[in-house]
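Right after this note come the structures.
In the two complexes below, chain A is the common chain; its partner is chain B in one and chain C in the other.
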Partner chain A sequence: MQHSKVLYEKGIIKNRKMLTQSQYEDYQMACHLKHIKTFYSSIKAICFSDFGTLEANEDGILISVEQGKSIQATLFISAAFFAEFRIDGSPSFSVKINVLAECLSLFGLSDCSVRILYKGEGSPLLLLLEPHDDDQVSTECSIKTTNMEELMEYDLDANSSSLNTIFMRGPDLSNIFHELDKAADEFELTISPLKPHFRITTLGVMQAETSVEVAKSSDMVILFNCRETTVARYKSQQIKLTNKAMQVASKVAIKTDASGLLELHFMMNADDQKEMYVRYFITPLLETEDN
Partner chain B sequence: MKCTLEGGNARVIAKAIQSLSKVGKELFIEADVNGLRMRSINPTASAVANISFSRCMFDTFQLPAIGSFCCKIAMKPCLSVFRNMKQVEYCELSIVGNQSKLKVNLRCKLETTKQAVISIMDELNITSNVPTDQSLNSIRGDHKLFMEISNSFNSSEEELTLEATLDTLSAKNYIEGARVNDKFMRSQLKLKHSEFEHYQVAEGSVVTFCIKEFRSFLLFAEALNAPMTLEFDDAGSPFLVKIKKHNDIECLLILSTLSAEDVSISDDYRPQEITMRDPNNTAQKRKSSTPGPEIQQKRRLAEDTTLSDLDTSLFQFRNRRTERPSEAASVQPARMLADGDTIDVVDEEAEEEAMLLAVSDAMEASQIPRPSSTEVCFYNTEDAPPTLMPEDNNEEDESIPQSPERERRHRVRTIFSRCFQNTYVPREPSPNSQVYAPNSDTED
Partner chain C sequence: MKFYAEMLDVLYMREFHAIAATLAKLAKDCIMILAQEQMHFIVNEEHCSTSSPLVWVSIASKDYFPEFQMTPARPEQEFIVLVMSAMHLSRALAVLRSGSSSSVHSCKLNLKQIQFPCISVIASVVSPSSSEPREVVHDVPVTVVPPSDWISYMLPKVPNTQIVLGIPSLRLLRSLIDKLKNISPSLIFHGSTAGELNLVAESDMATITTRFSRVLLHKPDQEQSEVGAEAEADVSCSVDTRKASAFFNALQLPNEEIMIGIDSERCICLQLDIRSNVVLHSILPAVCI
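This part shows the complex of A and B:
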């Protein structure tokens, strides 16, 4: 890399893009992102487990994190999001997610561009960070990879009679969740075509039961498609894992059906209107006998 | 019972609950034909806060058939419901579940509704037999003024002493004559009577009360942008803080004050627990060997007599009499005093008692304040007492005369033997703990 850069500065190589191509032709994955801000905040949002899985194909990159088979978060970055995206085959591997996040934050708050490189099976994941405001500095991180662990396949049947879909404004929903009682053990989510249309009840707090209701005609609801009433309970601790993503999301899609499996899509907007998505699957708490 | 109010008034109620939450852990709600009342009492029963909202603050107000209603609920769930009130447009309070639960329904913007159902603990109510209109002294001022007073003191301070004379109010974090450790920094703020909207002090008095509840009430006064009125008699009598806004909101905070006997004999510097119902009680007598009753009496007399008229010079001589290790380093004699022990002070005090008694007799007879003569009493040793007039404060600070020699050491030791023991005596309960049963120990 040094070699190419020197050549470039000397004016021998004119095309900056050639730096990548010449160096990393045999790499399975090589992509370049001009601004890491959205990428970094999305990675931070899904950092709730040690290891994450990275899968890449010609459509883009998926980074998934799971905890205990009951919650799964996936970050989707489409190929169009990147300034450059070159892929060979379908590489997949596991890395430590918090290490990845820390490497991305090496330059602190200043915005950087990053090159993500992966040679092949067994090689480390390479991150080359260059801050925009300082040409003289750059950093190269090499993160060890392991074989990919199998992920749970969650799926909500799109044809289910009880599939409910709600689209909401991100900041408003974030406020609602933020104001829920933090001491509560469980949250109960009710979605219904009748009133209350959308309700979150906190359970497990002594002496008090609180709930928040949003009418379907509210301004914060962008789309309300409800076929049947669904009621399900979730561990508040797992819902809290979505907080970080919710805070930066511009739009949120909530999908669930009679099984209770909750699918949350958070849309994050980069400054230049490009989008990336984080999708969460959260399994419900089963009804206990004494209910 | 059911009542509704619109957003702005609901925010006021939320602020009231936030203030009351700093006083006690439970909220007492009472509703009758006049309106809604919220009360809280602190764990040591030394402060009772009462905030009343008149009926006209509510859009609708329905009482049960018996005409009144009261209940007690835990403060914590209330706080969490009323925490974020910015989006609230409408609030409804009702009793549901066959008188067992309080339902709070908040309608917010964007068609969001927040609801909380809080269990009612029981139907007790607190009453206080403290007369609220009979205080001798009354001071009213803007909340900003009291906020300034409060901010002048460290937030970790536990109590505040107000010394009111005919034309000035001093706010201090210490009690005159109290012995404190070397690291203690004393602060004093003096305000002229003209700073206040209304200043009426019939006779000078010194009251000491817990500042925590005072501050929480002050917060509410600030939220209401209303003036605060302080009403009090003297040490030991209840201290009342009143806030009134437009005849709609009336607030009363009753604080207990240190009674005069507890002042300055204590070697660690803590207030006693004083019950609300008996403003004139003598609280728990310390088991330590306090000076004999006659000396105590003399001390009290000293306070009573020397408080009036001699405001500024009073402060001065207190200064010199007690140690001031935290004063400017230039004051060398004071530091020596601190190092050496308090024997000198104590020595002086013993002398002072006798002197003051004589002086007070003389004063009563002549009714003329004689600052120079009292000053002379203290500094009867080597130094010629400076020609003191109350205005010479600054000069006196710099040229504090040499303190008297150590004399009569043995006498002091016998009387004040408690001072030479450990400060903390495990058997004495902390003032903040609840007394579950009176002490049956017959030590004193």
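This part shows the complex of A and C:
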């Protein structure tokens, strides 16, 4: 924060709270990322709510976004993804996720490197952006942080007999969802050990139904693990929120059990093999009487 | 009252279209002032929330037009002043942009009276399929402004500024300001004689400071000695972010350098040198924070 401090002293910047004036070593979190493109597009993919929660530890950074206690998205970026990654303790805070996305895209299409800094409770999240194609330009963004909001805890019981898991190729699944009825209200997911193995049915306003079936022997399916049949319905709007992540995913894991809670796991396809994924939990709709 | 001009160079014609397209992005109407050796365009500031700023372009006729004849209505008058739709003009000139598919030989501008006064844009185009050139004619309706009203159509003057900085990365500046308009309604330009430009956007949620270092400093010619040349001085001015963004988004010219003049707490004046005698100006007035 060299230049912001000077500008504050001159009276150009008024909000003192947005300044952090300590040494580099004192930061609880200091990461450096050489190319922000993948980072930006995955943040953009989970940008469906106002606030996001950021938690960091030695393994990496988790950014979670929730909407109405029924859908939760978590972006995980492993420490290996960063050129430099230093965490002291386990900082966690909430931040306006669209402001964060906006700040990362300040220079539009030009690729930038970013330094992410956080000093501790009450201080802002700092982003120092430097475009690669112009070394005369640099940006300091300081984003207000608030105390972390409690997140919903979703979990699928790994030992449950009804836990079903499918691994699929990302582009193929994305194509399937792309071709489904856009106007549908609800999606029904059926996973069963017998035919039709995996079926997505859409239910529209006019009782219109379409369905897609994927056999477990299909090339799209990498792994099919199912002992009991599970059927559950989800709001199509919530499924659609996963679209952006699905489009860039190389591999998708679909997990669910008898409760109907759906876990979607999107592995991001970064150029090298460094780990980055987005995980969604979507709660099912309650069965209505006429079903 | 007569006006006739002809362009022959492909590059100049393309630039002329780019100027017209820029004006069309800024406002509905534009003013064309024709002088003996100059052609000026003015787009007035609009007073609404998503408004565009005052922009004007001065073109030395010698540069663009090998032939340029202007005869005012009366010999004692200096100008012809016309008002026209910027969009119509830009569309009429769109054929000049043409890339590889066809080539434009010449473009004539002619002030004519058919049922109404209009500027006739006649482009002579050769398409690859035939050797015969075809003529593309657009008549752009204009309103002739009588001399009694000229006082309200005067060419603006470039205000005196304390500092003028040349920013070589217009593309970055454009996308930056476009994003900043979502963060804060006002944007502070802060320049210093040390060759720095800082852009500051502040809101409750975020403070964003961007520094352009080692920018070219163009010292204003006069009054510099009083201040003392070695003393480092800095000036700042806060402007409407949307207005700034409207200007930068409208620019259709390929130039990569823009001059930013700062008049402390009064205005920002922007200057784009398309060529040495073809200059686009704009003024962003200061706002209170």
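In this text, the second predicted complex is superposed on the first by the 266 of 291 C-alpha atoms of A that agree within 3 Å, B and C clash if a C-alpha of one lies under 4 Å from a C-alpha of the other, contacts with A are read in each partner's own complex, and residues count from 1 in each chain.
Rule of thumb we're sticking to: a residue touches a chain if its C-beta (ideal position, glycine included) is under 8 Å from a C-beta of that chain, and two chains touch if they have at least 3 such contacts.
In this text the structure is predicted, and so the values were computed from the model without any measurement.
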Which superposed partner A:Q136 touches (first chain B, second chain C, both, neither): second
First (chain B), second (chain C), both or neither touched by A:G108: second
Touching partner for A:K69 - first (chain B), second (chain C), both, neither: neither
Touching partner for A:V214 - first (chain B), second (chain C), both, neither: first
Touched chain A residues, chain B compared with chain C: C
Chain B/chain C common contact set on chain A: none
Contact set on chain B toward chain A in their complex: 73-74, 76-77, 80-81, 83-84, 110-119, 121
Complex contacts: residues of chain A adjacent to chain B: 172, 176, 179, 181, 205, 207-215, 217-220
Partner chain A, residues of chain C touching it in the complex: 168-169, 171-172, 174-176, 178-180, 182-183, 188, 190, 198, 200, 202, 204-215, 234, 236, 289
Residue ranges of chain A touching chain C (in the complex, touch as defined): 3-4, 7, 10, 12-15, 18-19, 96, 99, 102-103, 105-110, 124, 131, 134, 136-144
